[in-house]
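Each of the next two complexes has chain A plus one more chain, namely chain B in the first and chain C in the second.
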Partner chain A sequence: MPRRRLPKYALALPAWLWLIAFFIVPVAVVFWYSFGYKPGLFGSHANDVLSFDRYIEVLTPTFFKTFLNTLQIGVAGTLLCFLIGAPVAYWMALKAPAHLKGLLIALVLVPFWTNFLIRTIGWMIVLSPEGWVSQAFQALGFNPVSILYTRPAVLLGVVYNYLPLMILPLYVAFDRVGVVLREASKDLGASPLRTFTRVTFPLARPGIIVGVLLVYIPLMGDYITATVLGGAKGNMVGQMLASQFQTAQNWALGSAMAIMLILITVGSIAVMGGLIVLGTMPIRRRNRVRLQEVSV
Partner chain B sequence: MTAALVGPGEGAFAAPDAPSAAQLGTATGSATGSATDSAPPEHRPRRTLLDRTLKIWAILIFAFLFTPIVVIVAYSFNTGRLLAAFTGFGFDSFGALFTKPVVRDAVLVSLKVGVVAAIFAALLGTFAGIALARRPGKWTYWFMGLLLLVAMTPEIVDAVALLPWLVFLGQDLGLGIFNNGIVRLVIGNSVFSIAVVTYLVRARLLGMPENLEEASADLYAPPMRTFRKVTLPLTMPAILAGLLLSFTFSLDDTIVASFVQVSGATPWPVYVLSAVHTGLRPEVAAVSSIMLVITLGALAVVGIVLKRAGDSSAEIASTMAGG
Partner chain C sequence: MTGPDAASAAREIGSVVLDRVTKRYGALAAVDDLTLEIRAGEFLSLLGPSGCGKTTTLRMIGGFEHPDAGDIRISGQSVVALPPYKRHVNTVFQAYALFPHMSVAENVAYGLQQRRTSKADIRDRVSAALDMVRMRTFSERKPTQLSGGQQQRVALARALVNRPSVLLLDEPLAALDRKLREEMQLELKLLQANLGITFVFVTHDQGEALSMSDRIAVMREGRIEQLGDSSTIYSAPVSAYVAGFVGQQNIFDGTVAADLRGVHTRYGMLRPADPITRVSSGAAARAMVRPEFVQIGIDQPDTDANAARGRVIGVSHLGETHQFLIELSPELSLISRRPTPEAPDVSTGQSVWCSWRPESVQVFPADGPAAQNVASAETVPAVIAGKADHDATTADIPATETPAAATHS
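Right after this comes the complex of A and B.
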């Protein structure tokens, strides 16, 4: 590494330029397109007149319904992933025998690394009218059920697809808490519940936040799950904005949808984060007072 | 199939802790486990009802996680015409890889793009990661912010952003290289992979003090030599992990690829996605099973490399989740 002449970031320059050329600039172009319009049947975009009209169009009920749908699936899916995944991660990190941990992680990583689309097609087979679920229902004397191409199917799909993304960071978080502090808490007379709420959970909190964000952000932009399990009727934003680029050829509107998706994702995270901070304020204040009593 | 792949990886995972057990292979894995059980190093409290419930829950969720994978592997032996309707058992569907040029070409495109994209991302990402760890400054915050932005942007937004941009570069500016199918796919895959490799390399080097590099410089090694003989070998496990992760990323990439691909260079997942609408045949499951084996093989190697480099299972878990 030449130490005198080159600037410090010289080695990072290729990556820097590449990311600007194929990430920053394209996304900026989409931002720019979102203020344009579709000039005619055969044009995809024009930017000679700039306006917020595309955003107003996105906010009309036709399109905004899909955004609300996506938000619902996003929040419900993330919550379900957390409720399902947290006990698993907790068990893996703190209760499972140590010599099995590597194997257990591998068992979470295999589904995570199986092609997203293929996993989803696996569910499509299970849920299809000829599939096991339907046959089980018929064997029990019910009518054949058609879960496929419904909202519950999409919800099942996203919970399944993003569950490893929740379990892995939570596992890391609980693993870092470790046994020592928990035993100390127990030795000092805390009940298991108290150990969990006062030692394990607060220490694992950063990992929990990471897990929730890792699931929520890609889930909001999901395209494949809804396409395969939700059928032709687009009920998530990813499909809707993809179709603006692929079939409708309305790049301006599609761009506005993409920007809106980012705004809604970031905005909803900010709102939820704020609500959680506000909601837990009384609890944290109470805990702080007690900690002072102990230290005095 | 998957169990067999995980098995040998597991044996190697245990290598640093119990070399003798690793030499004997996986069969002894359980024996080693029971040995530690019989001589517990810590006092083990009696298992409560809650612990047992947690365990049952975890087993159920693992079964849930493997359901569609088992289904895909099982249905790849379907001899029927349609994937979802299982009519008979046979190996016919695997033949499609050789008899159907469309299928074969799609797989070859995927593999080709995977290799090129991985090497490319590893190269750019390694340099960026070394610079971040060893030459920090104000620019580090900007660069890390950019990487965070890359990781946080939904893939579909990347996809719709790249399509018009590549069309502009290739057709409006007349840069022919951007009309090449393989180049487009590599570009599409590179952004995220570069971010991941950079992050892994940086994390690895930050975990190591600069002492060795300084010692090398003190012993009059020229900077290039220090770089080649000290910095690079120290970083190797992260580079290798990043390389293989990038390969699997691009093997799996469906969303960006389905936007930027040009006809004639359709990668495998995009072929499958288009088949979802027109009718899935058993060969989709068969070829996907083969691709799954390739992916898991690459990941087993990552796991072994990281374990050899002294990472804990938690560190490996976070690395393999993409940093």
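Right after this comes the complex of A and C.
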């Protein structure tokens, strides 16, 4: 008698059930709410009349400005994390002594041992006008500086909180490229820069994409970092969205904002991805080698 | 080497000179004061067990390791200060190291693209290089879609398309199965002869080194133990180490007789053709006889030396030869290989006499363990005397056809 086997997808079943129950269904509910309205002062949502009015409301200048602000912080923060994280990951994976690698990874993760909120609030103390950064400036004869509640403070907090999420996938990516292929490239006459652009970077690309998304997506929805360190200037969609659910009790508007955030996040990734593909097209075309002209 | 001829040979395009090169890893010297002159256009093998410094030597020529002392000159120019990408040298790596994100054609074109070659020129030269290794039809494939042997050919084309002065090969055949390896050995040798490029070939496989090389440098602990052509290395090894590493050996330990005419062992006297010069009388010595020189008979031979009685414990058919394993004592079993038409009709358990001619006995100081001791009956060695009149894929040479042993030792 043949042994009965579980179908292959059974392995993924727990994950699928989880995803459906706690992600797909809630998003569908939010999507549904976004077409409703707030029925009076004490109601939070109603769906007896459906309309796009909440989306129109989201696109009014007040809210639109916040969306733009979020996008700016999201893109700038991700870019900063990449510019700071990539060289560190590169060094850790390809240049650092092998016996130090474990220690270096542990050091990257050290900030994660403290609660996210506490580490962000910690920066308030450092950056406030009475904080030691300002005091150091004053000691050097400058005026007191207030970095807190500015855009640089927000970006500082973002880099601090999200850098490990960038470094770790990049480290894995560069590590996987390995030494041998880079030696082969140099052996064939490629300078270190050419080796990076033509071998190391293309092979690390999947990890780089993961790192960028891992920072960019949560950052778009984050509001703690921005609120704590940016005050009014750090207004992000996440914060506005939360207040619609918690304070204003306008679930319909909050839902519309949530859907808009998802669309903007996905849309901006698609646009950036498309731009990168288009922008590198000439380079890829130049490096392509076909022995016989192909007839298309 | 001195004199004007040697000096001009060392400046020729494709020559490589290692001049008292040392490379240390911590306290350990991987390469220890090594001097080696590789002639332009020759096929030189660096042969030795793992850890003997052969790969480090190759990597220093390629520029991937920097020597702690000494000078390296390629085509007469010191390259010690040059990074790998500025040396006119290309490498075929052990695991091929093909770029997985590029097609076969793009892999081969990579080196040319670094030199700002025109697109049309690149296409012509890549096509020619792929034709040379018979991989043209695979030009659009990715390396992962190729077999090991095919990847090997692409790696070769990728290196040779740049027309290097010197090609470095780091155990390039190690990952291939035996049949493919033997085919590639032949192809590599032919290619090298046609192109006239200097090949520096690193291997731990003595059969490979013997079948392909113009000269072999047998390495031991970061130094060159012996440098010579295949037949010299095979038939006139300078030490027990070289004798044991190149080809198989039957090894007898004993002491040198007072008259220097033989070695006393547990199994009787081993008497070489000429008086012993390498070891003084009464000293510990190691006598060696290659399996192809060991004859088997039922009757006791009429000699006072070079014979021993034993019991057949294994007979295996290797194709052109039969291999016999004869136990002389629990500590020593001899291997004998006879050409199949001449193989004696003996079977396992039978008591026999082994004998060998004085010309086949080599005596060395007992200076430590040999790299490769007497092998078991399962071992199938690929031993070739390195002469062009032998088929390079032949696994053995019959004793009667080997003139070398008689003239040396």
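Criterion: the second predicted complex is superposed on the first by the 264 of 296 C-alpha atoms of A that agree within 3 Å, B and C clash if a C-alpha of one lies under 4 Å from a C-alpha of the other, contacts with A are read in each partner's own complex, and residues count from 1 in each chain.
In the analysis below, contacts are C-beta pairs under 8 Å (C-beta built on N, C-alpha and C of every residue); 3 or more make two chains touch, one makes a residue touch a chain.
Everything numeric here is computed off the predicted structure, so don't read it as measured data.
**Student:** Could you say whether A:Pro97 touches chain B, chain C, both of them, or neither, answering first, second, both or neither?
**Tutor:** A:Pro97 contacts chain B only, not chain C.
**Student:** Chain A residues in contact: does chain B have more, or chain C?
**Tutor:** Touched residues of chain A are more numerous for B.
**Student:** Touching A:Asp187 in the superposition: chain B (first), chain C (second), both, neither?
**Tutor:** Touch status of A:Asp187: second partner only.
**Student:** What is the contact status of A:Tyr9 with respect to chain B (first) and chain C (second): first, second, both, or neither?
**Tutor:** In the superposed model, A:Tyr9 contacts chain B only, not chain C.
**Student:** With both complexes superposed on chain A, which partner does A:Phe42 reach: first (chain B), second (chain C), both or neither?
**Tutor:** It touches nothing on chain B or chain C.
**Student:** Answer with first, second, both or neither: which of chain B and chain C does A:Asn287 touch in the superposed model?
**Tutor:** second
**Student:** Who does A:Val199 touch here: chain B (first), chain C (second), both, or neither?
**Tutor:** The second partner, chain C, only.
**Student:** Could you please specify the touching residues of chain B with respect to chain A in the complex?
**Tutor:** Going through chain B, the ones touching chain A are 2, 6, 9-10, 13-14, 29, 32-33, 36-37, 42, 48, 50-51, 54-55, 57-58, 61-62, 64-69, 71-72, 75, 83-85, 123-125, 127-128, 130-132, 134-137, 139, 143, 146, 149-150, 152-165, 168, 187, 190-191, 194-195, 198, 223-224, 226-227, 248, 251-252, 254-255, 259, 269, 272-273, 276, 280, 284-285, 288, 291-292, 295-296, 299, 303, 313-314, 316-318, 320-321.
**Student:** Report the residues of chain C in contact with chain A in the complex, numbered from low to high.
**Tutor:** 62-64, 83-86, 89-91, 93, 95, 97-101, 103, 105-106, 108-111, 113-115, 122-123, 126-127, 130, 136, 139-140, 158-159, 162
**Student:** Which part of chain A faces chain B closely enough to touch in the complex?
**Tutor:** 1-3, 8-12, 14-16, 18-19, 22-27, 29-30, 33, 44-45, 84-85, 87-88, 90-93, 95-103, 105-126, 128, 130-131, 160, 163-165, 168-169, 171-172, 175-176, 179, 192, 214, 217-218, 220-224, 227-228, 238, 241-242, 245-246, 251, 254-255, 258, 261-262, 265
**Student:** Write out the stretch or stretches of chain A touching chain C in their complex.
**Tutor:** 180-181, 183-191, 194, 198-199, 202-203, 287-291
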